[in-house]
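In structure tokens below, several structures.
Heads up, the next two complexes both have chain A, just with different partners, chain B and then chain C.
Let's turn to the complex of A and B:
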């Protein structure tokens, strides 16, 4: 059993900080931009690891259907669990393998989603602190249904499961918002010993709205050809938002990104790499190969609009005019920003993909068939037929986005190269 | 001018040499390891057959699983491009192609201009590929060429249920130890492979005429079982089906070098 955040601290000290120094030292505008984005992430992770040994602090482990603002309103340190495996997948694969094996040794089947197996393995290995609590949502996802009761026992910390709506419409979002008010807030009051302060929540939502508006602007610039930043950097604001929304650090990071993107557009400094194809990548990309997108861009002249999880903003900022509108907006954002949307019906996934396909003027689609995700693999056949009927070139990539032992980066590159040779 | 294409697959290396689109030599060389050497050797064989020296080849393109390892190639190309180019040259009427190779299964539709319109490939698993069959034949301790013909007479194919190559191999060994007829076992293996190839192919349209290429196209029992499984009949391409991608690479070498 390791110490809380022991592996996380290793990633910060042995990878993130040296990478930050390295990127800063390079005479390359893109690398400097990447360094600035990474700064906030390092700071956030350091705050988290420090909080693990401070009994006065509470670490909010949250997943599915939520964004960090409400946890900041209770002065907690939020950790978006969906993003946690990627931290290791991109940097220390042996930790991914170690945690997956720890989960399997405890009896979790090897075909359960690797995100869930990773998190259970991390919990069993003592990676999460005892001053944490866990909030997640029950939804149509086999992996979480199997893994989270085990997770609850392994963590031994207060846990709350919310019910996710099965449909993506206003009444569902309002129902979900009411649940956040009637179940999550009392839970947070109990675990933190603090009373909910509506004005504090409003301030935090307003802070996150500033970031969201900037993010919408940034994503608007991705409709231009060529785009102002390379594929590998495009998802950065969204990743910052889902991990840190409501914290001034997140707003600052997205503001900096926004300023740089706008400067490039204004000064006519586009991404210098020629763009032959623009692809919308539905569902998650393989995070174990951070060089995949640069390779696609440089070797194949393929520009990627990321839709990692559901990583392109499609909403308006949250309406803070009343408590009701604020919770409804917060509910919508939770349902949209995390992987929740991926678990609605196939028609909705298709509709969302086509919206982005048209908005960003793509000419092809890549769709991940993550081996542990029945929802997205189940939608594959319907989507494949739709794209064929519409004459949209589509590549369905079976892979595990965390575990490179299932399908190697080389195999994926081969499939991607073959696909783009046909269009 | 003379042009060449080299397809370095996982089981064999193939080389084709052409002049003005006409084939001067075709060679195929199965190999166990050392792919780079296999590529060099197969090209030497092809050059000898065509009566050429190295200097005679103006431009060479490589393709296949080991395309980056072909030391003499000027450039490499994806297999889809090479296959579609060759098929269009050999028979422009063909609308669907199944490439059943050593480690991949590909299926694609082509339009009248030879452009690939839809495609599908096997993904994380090599079940149903040539390598899978080769391992099973080794477990049966008989040459695959012999089994592929003799098993056509099997009247009772034994089902092989495992998709995983390792488990399937132990299933085969269990059948052997139980004294089951090896031809019946191989017929079962063929059905398993045909099912996998058909599953990939069903992701695209079965537009006629349909051709099968790749190493498994030389395996009569597998070809028969794929035809049965999909309810189709393959048309013949007028070239060794293993060398189609290499031929496409040679054609593209000629076209690209000329332009």
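Let's turn to the complex of A and C:
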């Protein structure tokens, strides 16, 4: 059994900080931009790891369906759980394998989603601190619904499960917002010993709104050809937002990204990468090979312009004019955040994918069939038939986006190369 | 046992003699894809709710072109039956997003089915206040949709009549389960499953009459004593009497179940005196043996299963998980951990495909497990 955040600390010290120094030293605008994005991430992770040994602090381990602002309103340190495996899959694969094996040794079959197996393995290996608590929606997928009860048993920390509405209309967002007010807030008051302060929450939401507006601007620029930043940097503001929304550090990071993108556009600095193809990546792209997207750009002249789940803001900033609107907006944001979109039925997933496809002027689709995700794999039939009917080139890639041992990066590259050589 | 033969025959097919009589007399049949869908609403509308199964189907080649190989074999079998016209006798479908497999099947059915009525029941996944509210909302939507499509109305009185019929069934099934607790049990696990499946496949009132006639016969049954290990079988889409018979043929007796096609369907009475019958129906779904899709259902599951283990003198548990079923994978892990800690009942997981009834590998594993007992 390791110490809380022991492996996370290793990633910070042995990978993130040296990488930061390395990137800063390079004479390359893109690398400098990446370094600036990484700075905030390192700071956030250091705050988290420090909090693990401070009994006065509370670490909020939360699942999609929520965003960090409310946890910051209670002075907690939030960790968006589903981003956690990606920290390791790109840097310390042996930790990924170790945690997956810990989960499997405890009796979880290998056909369960690797993200959930990773989290269970991390919990069983002592990676999460005892001064933490869990908040999860009962969705959007089977993996979530089994991982959290297991983690709750392993850690014995306070846990709250919220009902996730599998509908898309305004009324269900309002209903979900009421649930946040009547169930989540009393829970947070109890675990933190602090009273909910509406004005503090408003300030934090306003802070996150500034970041969200900047992010909307940035994503608008991705409709240009070529996109002003390389594919590998495209999702940075999104990752910062889902992990840290409401913290001034997140706003600063996205502001910096925004300024750089706008400068490039204003000064007419083109992305040197020629875009022969503009791709929407459906579901989640593999994180275990950070060089995959640069390879696609350099070797195949293919840019991944957008992604269905990781990087397409679709809402307006949260209306803070009243408590009612604020909770409705906060609820919507959680419901439309990344993996929560998997509550969409297959037709709705398709409709949303095509909206992004058209908005970002894509000409082809790569769609992940994550081998542990019964949901996205099950939606594949309807998607495939539609793309065929419409003549949209689409590659369905079976892979595990956390575990590189299932389908290797080389294998993926072969499939991608073959696909683009035929269209 | 003439009466038992009746149940065996009825369970063999969805288009059984009773269903055909119903259909030929102008009755409508609505297929249900999950035991969590409150079928009382359908019954109260004068329709016949029928839990969809695909007995005997071995090949899913058409469905495999639409759903993925990692989608469970139950959902692929249902889609296959739909695509090949085997479910054309239905007048409608109610499907739910209980799990991701069912969730994606919902869209495929919606896409392919030409039936008059299709309803997507958005399932709750907690037993919390929020979950109860959500379930009630969905029940109201289902009732409204049925009323609209079938030009009918579901009155409070009809709901109360249905509750009485369903409670009667569940009391009779409780009586039946008492017979399984005897030593030796007065019916085999496969006989029980045939009865349970019949209840989901014919008009409920007829089922009640037939079961009333069967029970006294069974209660008088005189079976030789034996010392076979007493098993509890847990799982989801496990609806094969042949599979249960296969387990029993290895030298065991299945005395209790925690199956969607068994206890989960029949457990729990509805409060007949409740002010709001719809709420009373919802409360029964929230207090029966929870499906592991309920994220906070572990404590209730454990409590119910513990009573079952003690009451039925269970010596071993067979966890029959369909391949790729995450919910039952998590449920098994939590249950096995708990049973190891608090009881001394061993658990074996038999991973299977929906229509697999026997295999050499299953046989070997089962025999090793039974020797352990």
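Everything that follows uses one rule, which is that the second predicted complex is superposed on the first by the 419 of 423 C-alpha atoms of A that agree within 3 Å, B and C clash if a C-alpha of one lies under 4 Å from a C-alpha of the other, contacts with A are read in each partner's own complex, and residues count from 1 in each chain.
Basically, a residue touches a chain if its C-beta (ideal position, glycine included) is under 8 Å from a C-beta of that chain, and two chains touch if they have at least 3 such contacts.
Quick caveat: nothing in here was measured; it's all calculated off a predicted structure.
Because the two structures share chain A, they can be overlaid on it, and in that overlay chain B and chain C fit beside each other without clashing. With both complexes superposed, C is the one of chain B and chain C in contact with more chain A residues.
Contacts of A:369 after superposition: both chain B and chain C are touched. Once chain A of one complex is fitted onto chain A of the other, the partner contacts of A:406 are limited to chain B, with no touch recorded for chain C. Using the contact criterion defined above for the overlaid structures, shared-chain residue A:397 touches chain B, although it does not reach chain C. When the two complexes are overlaid on their common chain A, residue A:415 makes contact with chain B while staying clear of chain C. Legend: residue contacts after superposition of the two complexes on their common chain; A:318 is shown touching neither chain B nor chain C. By the document's definition of touching, of the two partners only chain C reaches A:183; chain B does not. With chain A fitted onto itself, chain B and chain C come no nearer than 6 Å, counting C-alpha atoms only. Across the two superposed structures, the residue set of chain A contacted by chain B and also by chain C is 369, 371. The part of chain C that touches chain A in the complex is made up of residues 65-68, 70-72, 75, 97, 99-101, 103-108, 110-111, 120, 122-126, 128-131, 133-134, 292-296, 298, 323-324, 326-327, 329-334, 336-337, 351. Per the touch definition, chain A reaches chain C in the complex via residues 106-109, 111-113, 136, 138-139, 141-150, 153, 161-167, 175, 179, 182-183, 345-347, 369, 371-375, 377-382.
Against chain A, in their complex, chain B makes its touches with residues 65, 77-81, 84, 106, 108, 115-116, 118-119, 121, 123-124, 203-205.
Across the complex, chain A meets chain B through its residues 369, 371, 384, 388, 396-399, 406-407, 411, 414-415, 417-422.
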